[in-house]
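The following pair of complexes shares a single chain, chain A, combined with chain B in the former and chain C in the latter.
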Partner chain A sequence: MSILEYNGAAIIAMAGKDCVGIAADTRLGVQAQTVACDFKKVFKMGDKLFVGLAGLASDVQTLDQLLTFRKNLYELKEEREMKPKVFSAMLSSILYEKRFGPYFAEPVVAGLDDDGKPFLSAMDLIGAPVYTDDFVVSGTCTGNLYGMCETLYKPNLEEGVTSRELKGRQD
Partner chain B sequence: MDSIIGVKYNGGVIIAADSNNARSILVYQHNLDKIAQIAPNAILGLSGPNADLVSFSEYISKNLKLYSLSNPGQDLSTKATASFCRNTLAVALRKGPYQVQTLLGGWDASPASEDGEGSMYFLDYMGSLQKVNYGIQGYASNFALSVLDREWKEGLTKEEAIKIVDNCINVLDTRFLISQPTFTIKSASK
Partner chain C sequence: MASSGSGYDLSPTTFSPDGRIFQVEYASKAVASSGTSVGLKVSNGVVLVTEKLLNSKMLVPGSSRRLHGLDRHAGCSVTGLVSDGRQLVNRGRSEASNYLDTYGIRSPPSVLCDRLASFAHYFTLHGALRPFGATTMVAAYDEDVEEYTLTMIEPSGQAYRYFGCAAGKGRQGAKTEIEKLNLQGMDCSEGLDK
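What follows is the complex of A and B.
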């Protein structure tokens, strides 16, 4: 039994032409048993910023609260919106802070920066980031998700097509 | 070993819990109340070691009482109560966890209905919180969750909900290894 696989998740984010999409399953499980089918794993942090959190459900919810708090505090102090790459860096820092007692969550950040350029990043549970321009995945079936992405992804897909591709992977 | 069963109906919630108090192979008593009334409008069914059942439920109910005394007239919604419980569990998880699996059920007045509405929350010991229509904690879930999956529907009356809980208890009687002769049942409604 792995703590990261206790509740189960499948998160995927993908970039298209001037757009990003993010999708997640909504199952809350306790190992093999399904407890609920409407559990939220993607959180809107801003108009053009989403974070998807895979891993232990309690830590997913704690991180959502922590990130909202820290982002709001930043925006109050700085009097400006938080950019996706800054948010991603902050999340990475928050995770590494707990290096020897980590949050069991592996996040995925998807957003559009100021000039509308897509931003994607993913991290492991201690905050090691990866920045890509195509797609990122996280959760308990990353093998399957990576396989689908590599096969079906094409750069600069239009918005409607990108969301269809995302949906294809969830099914 | 504890079985906590919760069902939401139209206008409230019911929580049923077995009343066995046991450790290893010995049953100390058959009349332990595992459903705490933590607020005037909320009940908490708990499963776990005796010490944690009591210390968690008392910590929550006393803090909620303090809140109501410090903030007169400001009732906490069930959602807020659940949030408080979740936070307590999540913080304790990395210090000294409360080993309690819980089902929180509450009643809130609602503009949509004069009978108000019930809400039920599945809250596990690590602090994962999810609003549900019904839920079960303990081994009982392996047996009775399918009964609820089949029989629960929107807009149940209290009597229908009690009947469904009855069916859950019957399936436990038939198939569950541990004998649970007595159950406590409480409801939160107007």
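What follows is the complex of A and C.
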């Protein structure tokens, strides 16, 4: 049994033409038993910034609180909005701080930067980031999700099409 | 003026009856008796100039820097006690570096100067410590709004943004001259000439 697989999750984010989409399942399980069907794993951090967190449910919720706190503090101090790439760098720092006792969560960041350009990144539980311009996945069935993305993803899809694609992957 | 502080000027943790902290004011006096520094914010950047007084013919010209880089996008000049200035510069470098490590982008001038000013201010709050006898003028570039800024951080921890500022022995004369100039209408090389 792996701690990262205890509660179960499937998160996916992809980029389209001047847009990003992010989707996640809503199951909360304790190993094989399903305990809730309405568990939030994607959190809105700003008008154009979302973070999806896969892994241990407790850490998912704690990280949501921590990230909101740090982002709010940043925006108060700097008197400006936090850009997606800065948010991603900050998240990476926060995770690495706990290198020898990590948060059991593997996040996915999706947002639009100032020029409306899509931003995607994913990290492992200690903050090693990967930046892509197509899609990122995280959770307990990444194998399946990667397979779907690699075969079906097309770049520069319009907004409506991107969200339909995402929904297709989740089903 | 010198004797009016008697009894209330021994420690930065004591206010005088008229609400002043003498130790901090004395620190500013240390700055005021050192070589002059001038900072000008012009149309396409910031010019920092300092006067380096060589007390002896034995001194190697070019030693003991008073202009330092804090990061790729920020630099500062030190006026006052050079060794105190070193501490401030080192802290400034470390803050800039930490910001880059955490947030992945260069520190905005307001944040860098705020941290440096808070650091200087900290030393005005403890009985076991004395304020820095140095003023730093920080010139920095904000890549977000594409603007240059000039901030002067005094021993008290006060930090203000300036179009033009001066510190040190010749500051009164320098300030008068600066006010006469049209800073927005010149670029860096013209500013340096003035």
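Following the convention adopted for this analysis, the second predicted complex is superposed on the first by the 171 of 171 C-alpha atoms of A that agree within 3 Å, B and C clash if a C-alpha of one lies under 4 Å from a C-alpha of the other, contacts with A are read in each partner's own complex, and residues count from 1 in each chain.
Here, a contact is a pair of C-beta atoms (placed from the backbone, for glycine too) under 8 Å apart; a residue touches a chain by one contact, two chains touch by 3 or more.
Please read all numbers here as calculations on a predicted model, not as lab measurements.
Chemist: Between chain B (first) and chain C (second), which, if any, makes contact with A:156: first, second, both or neither?
Modeler: neither
Chemist: Which partner does A:144 contact after superposing on A: first (chain B), second (chain C), both, neither?
Modeler: Neither partner.
Chemist: Just chain B (first), just chain C (second), both, or neither: which does A:35 touch?
Modeler: first
Chemist: Pick one for A:101: touches chain B only (first), chain C only (second), both, or neither.
Modeler: first
Chemist: One more residue to check, A:72. First (chain B), second (chain C), both or neither?
Modeler: neither
Chemist: State whether A:61 touches chain B only (first), chain C only (second), both chains, or neither.
Modeler: first
Chemist: On the A-aligned overlay, A:7 touches which partner chain: chain B = first, chain C = second, or both, or neither?
Modeler: first
Chemist: Going by the contact definition given at the top, which residues of chain A touch chain B in one complex and chain C in the other?
Modeler: none
Chemist: Under the touch definition given earlier, write down the residues of chain A that touch chain C in their complex.
Modeler: It is residues 74, 77-80, 83, 85-86, 88-90, 92-93 of chain A that touch chain C.
Chemist: Given the complex with chain A, which residues does chain B contribute to the contact?
Modeler: Touch residues, chain B against chain A: 86, 89-90, 93-94, 122, 124, 126-130, 132, 135, 141-142, 145.
Chemist: For chain A, which residues are in contact with chain B within the complex?
Modeler: Those residues of chain A that touch chain B are 7, 28, 30, 33, 35-36, 38-39, 56-58, 60-62, 101.
Chemist: Using the touch rule from the top, collect the residues of chain C that touch chain A in their complex.
Modeler: Where chain C meets chain A, its residues are 101-105, 108, 110-111, 114, 144.
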